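Right after this note come the structures.
Shared between the two complexes below is chain A, which pairs with chain B and chain C, respectively.
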Partner chain A sequence: MDLAWIVGVFVVAVLGTAVAGLVSKWIDRKVTARVQWRTGPPLLQPLYDILKLLGKETLVPRQARRAGFLLAPVIGFAAACVAAALLWAANIDPSRTLPGDLILVWYLLMVPSVALIIGGASSANPHAVIGASREMKLMLAYELPMLLAVLTSVVASGFTFNLGGLIQSAGAGVAGKITMAVGFIIGVLCTQAKLGLVPFDMAEAETEIQGGVYVEYSGPPLALWLLTRAMMFALMPIFLVTVFWGGFAGGAAGVATGALKYVLVVVLLVLIRNTNPRLRIDQAMRFFWYGLTPIAVVAVILAAAVF
Partner chain B sequence: MLAALKRWALKKSPWVYHVNTGACNNCDIEILDCLTPRFDVERFGILLAPSPRHADVLLVTGGVTLQARGALQEVYRQTAKPCAMLCIGSCACSMCIFADGYHMAGPPDKVVREVDPDAFIAYVPGCPPKPEAIILGAVKALGAL
Partner chain C sequence: MKRTVVPIGPFHPILEEPLRFELHVEGEHVVDADVRISHNHRGMEKMCEGLSYDQIPFLLARVCGICSASHPMAFCNALEDLCGCEVPPRAQYIRTLICELERLHSHLLWVGLAGHFIGYNTVYMWAWKYREPILDLFEKVSGSRNHYENHRVGGVRRDIPDEVFPAIRKTLDELEPKAEMLLGAVIDDPVIHARTKGVGVLRNVDAVAYGVTGPTARGSGVNQDIRDTEPYAAYDKVDWKVVVQPEGDVFAKAAVRLLENFESIKIIRQCLDQIEPGPICADVRELPEGEGIGHAEAPRGETFHYVRSDGTNRPVRYKVRAPTFVNVPSFKANVIGAELADAMLIVAAMDPCYSCTQRMSLIRDDTRQQSVITHDELLQLSWAKTERIRRQC
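Showing the complex of A and B:
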């Protein structure tokens, strides 16, 4: 673990994830447009949006907590960057990862949501506070089944808590297990909630609470939020592919099949988003706790029993 | 050069916020038409923003009533600068038949210029203007920005 390797992976991972995230955002908007019989925006549209916001004025509401309001997007962005570096490092060289980096990545991927709650709650806007409270409830709802789903993969590969180990054991045939497929599907549904995509976008519901947590953000902080969201939109599919589906390892062929899996997951997320109406927060919690959690528990137990 | 980049990016992704200051609702329906699949303004990067803080262009319809006057000025102050304003419909351009109304505070451009004398304001006349006219107006306004 020399310094050059760490810095190199960090830079490549952050840039790569940002590009992948912006392209995925474009895929999202384009597929949505095609589903609605529209033409949709040009490929660089997400980049234009961020460039434009960087050039605009930053407004801070008079009653807002200034430090929390402005620091929250930075915290979220930083966490997304580090998570990106760890995920990419595991995929570039599965034999060289940190021990236990699965747990670290897991927590880092949670930080942008927590930062969103901090930012929304400190912006002194009732809509944003409602959005923050909904985001908090949503986190309580989806984290449990998501954790159990990841645990399925961990158990199935003989209690490996590092990403490199998971990739290698998935390559050794673990990815074909039924319980892994169940875990993957649960993971996709929880990812939908983590990314705030439509059936679970009650934290920012434009039509009822006007963008919720983002309502008071403008200019560069909003650009940072959009970039963080775009990066998460790339990171969560990469995380799913890495944990359940063998990742991107294995030379050029591995990268190509990995990219294919990644695009599949992204399009799946977008199609779920386009074919569902927004749920109420209590419906979402019931779905995750009473619907997905028992299935995930059964999957973990069966994974231990070699299915 | 940075300023040129800023202006270019602004033209590429103008997010709009819709303000009704006393229109008869017909202009508002035409604005919503622009967002439908048939006209699909997302092709030009135009998105409907949920909050004036995110907006680059305010779409104002209707002459400003005395009640809406403060609200319009507040919304203009809340919009992150640089921003533009598009007066849509004859009412918003010239007050139309409401020019002598006892309850009117004046056309939106006058009301906004009280807050910001250098506001960038464009006009799309018509009662109501067709969606094509609104899109053309928006494109020309962005070209002049």
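Showing the complex of A and C:
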């Protein structure tokens, strides 16, 4: 793999994901507004929000752990960028990906949440600490069914831990398609939690803990968080489409159908967010562990039996 | 486990008015709670003593931004109790109609806010949209969307023109299916059940012991409604029933409010059917010396007003007790032991209206066994501030 390919993909992927993320944020806000009989913001509003924050002062609470507080958004952002590069590389050329990059992407997508926990916990605010503890519990809750859901896809495609391989063998056979559909639905619900959208937004819950983990952030660090969140809002649907739904590969037609799938996933996430109230953290954990995990286990076993 | 104090307020996204809650939590578990009211003392009772009886309703409408009609209603009840005058039937019906429209808009507002508090912003926006035509009605009926009260001693200030009646009927006809939809959205949604059923239970005995009123009491199975127990205006002439739910949880309180919407619609329709042309105000020339007591059922519960007159055109003492003042302390009975995520929802379920409750309160320091500030010190502070403002001007 030559350097030009790596650098090129990295730049294209980060910029592309940032743009896709901000557009998705706009879709989110616009669809939400239309559902709620409001007009909604203009297309560039998510970008304006970030640009405005970049010009604001950075305030660090006196009792906060400065390094952890300020480094957390940077770590989260960096992880999102690398994950973006890997995902895009797999979709641009499925035959040229790293072996086992699924595992790497999986861990990289987990990093922003971990960074959020570190940032919230080091900001010395009781609301942020509660938010961080909720985020931690939520991670424990959704990672298990999510992992199992990804496993259904891995098993159904003949134990490929390679994003390119997953794309090429997506949903081989009817039974494979069914188990992957189940995995996909579980994946969407876990994504809802990973992105911190209602009904799983208890880590920030502005009407309970005033924004929770984000409460002490201001200025550029907050802008970085918003950008990371926007990128995650693009990356998670891309990840789902890549792992469960054949990705974006296959020339112009592949990109077009991929984009359609992507928008469908985003709109699905937004609609779930707008038709549910926020759950309590214990209810969310119960939902993921006792509700989704058994279904995911059954899906994995079925996939293995069929394969 | 380590105990953390989570401060909520005096400024917090959930509070539309200043108030401070201190929740002592272990993990997510609330083990103790404290509340401080009186961040916004407005001295309205004192101001009443300087106003004539015709001016007071305008001030009392501003005790609460939502119960604009209930406080003047209680004032009229108090004054009519004092002078014993007969209010013409048309005025009675107009008062009832406005008070019930107020209940409708207040309950819809609460449903929206409650949705917002549990992160369900769609319900928030929808409920407030459904509330909008009622505010438009207020404008048609009284000329004002928010201060729509038109009570005065002996009757009402403004008549409702006959051409407005069809508009009221039309709005009600349109509102009814929407209220049914909202009721269905709450009754049938499993996630709302998960968040509200069995949460913040105020047991019947606690409700009685804390003396809570309004939907907070009726949600705990206390059959108490001033419109029923001491009917004023035209409530004894129309057919309606008190909505009571026995469970005492947040869900029950929501159900009480959502079901009361239908009772309000029923009452307004009957008022429109029964109202007849006639005078709208009795001629009250003089008020005797003495005391008067007035109750009214505001959307949040019983509003109590007391007036003492010396026979002049101003009260010697005026006293207002808004429903939230008796409802707020009940959080001691149902917030402690709850989860932090539920705490504010439980408080919100009593539909608190904080500025109405504001008193001057003296805080007592238990270690020093005396007040943190005495009356004289407060007076000194007040004089110093007046002096400072005077110098700035």
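Everything that follows uses one rule, which is that the second predicted complex is superposed on the first by the 300 of 307 C-alpha atoms of A that agree within 3 Å, B and C clash if a C-alpha of one lies under 4 Å from a C-alpha of the other, contacts with A are read in each partner's own complex, and residues count from 1 in each chain.
The working rule: a contact is a pair of C-beta atoms (placed from the backbone, for glycine too) under 8 Å apart; a residue touches a chain by one contact, two chains touch by 3 or more.
Predicted, not measured: the structure shown is a model, and the values here were computed from it.
Of the two partner chains, chain C is the only one touched by A:283; chain B is not.
In the superposition on chain A, contact of A:52 is made with chain B only, not with chain C.
By the touch criterion stated above, A:198 is placed in contact with chain C alone, chain B being left untouched.
In the superposed model, A:275 makes contact with chain C only, not with chain B. Using the contact criterion defined above for the overlaid structures, shared-chain residue A:218 touches chain B, although it does not reach chain C. Applying the stated contact rule after C-alpha superposition, one finds that A:210 touches each of chain B and chain C. Once the two complexes are laid over each other on the shared chain, residue contacts for A:36 go to chain B and to chain C alike. When the two complexes are laid over each other on chain A, chain A has residues 36-38, 206, 210 in contact with both chain B and chain C.
By the touch rule above, chain A contacts chain C in their complex via residues 32, 35-38, 126-127, 129-130, 133-134, 198-199, 201-202, 205-210, 274-283. Of all residues in chain C, only 4-7, 12-14, 25, 27-28, 115-126, 129, 189, 191-192, 194-195, 339-344 touch chain A in the complex they form.
Of all residues in chain B, only 2, 5-6, 9-10, 12-13, 37, 40, 42-43, 45, 49-51, 53-54, 56, 78, 80-82 touch chain A in the complex they form. Taken in their complex, chain A has these residues touching chain B: 29, 33, 36-42, 45, 48-49, 51-52, 54-59, 206, 210-211, 214-219, 222.
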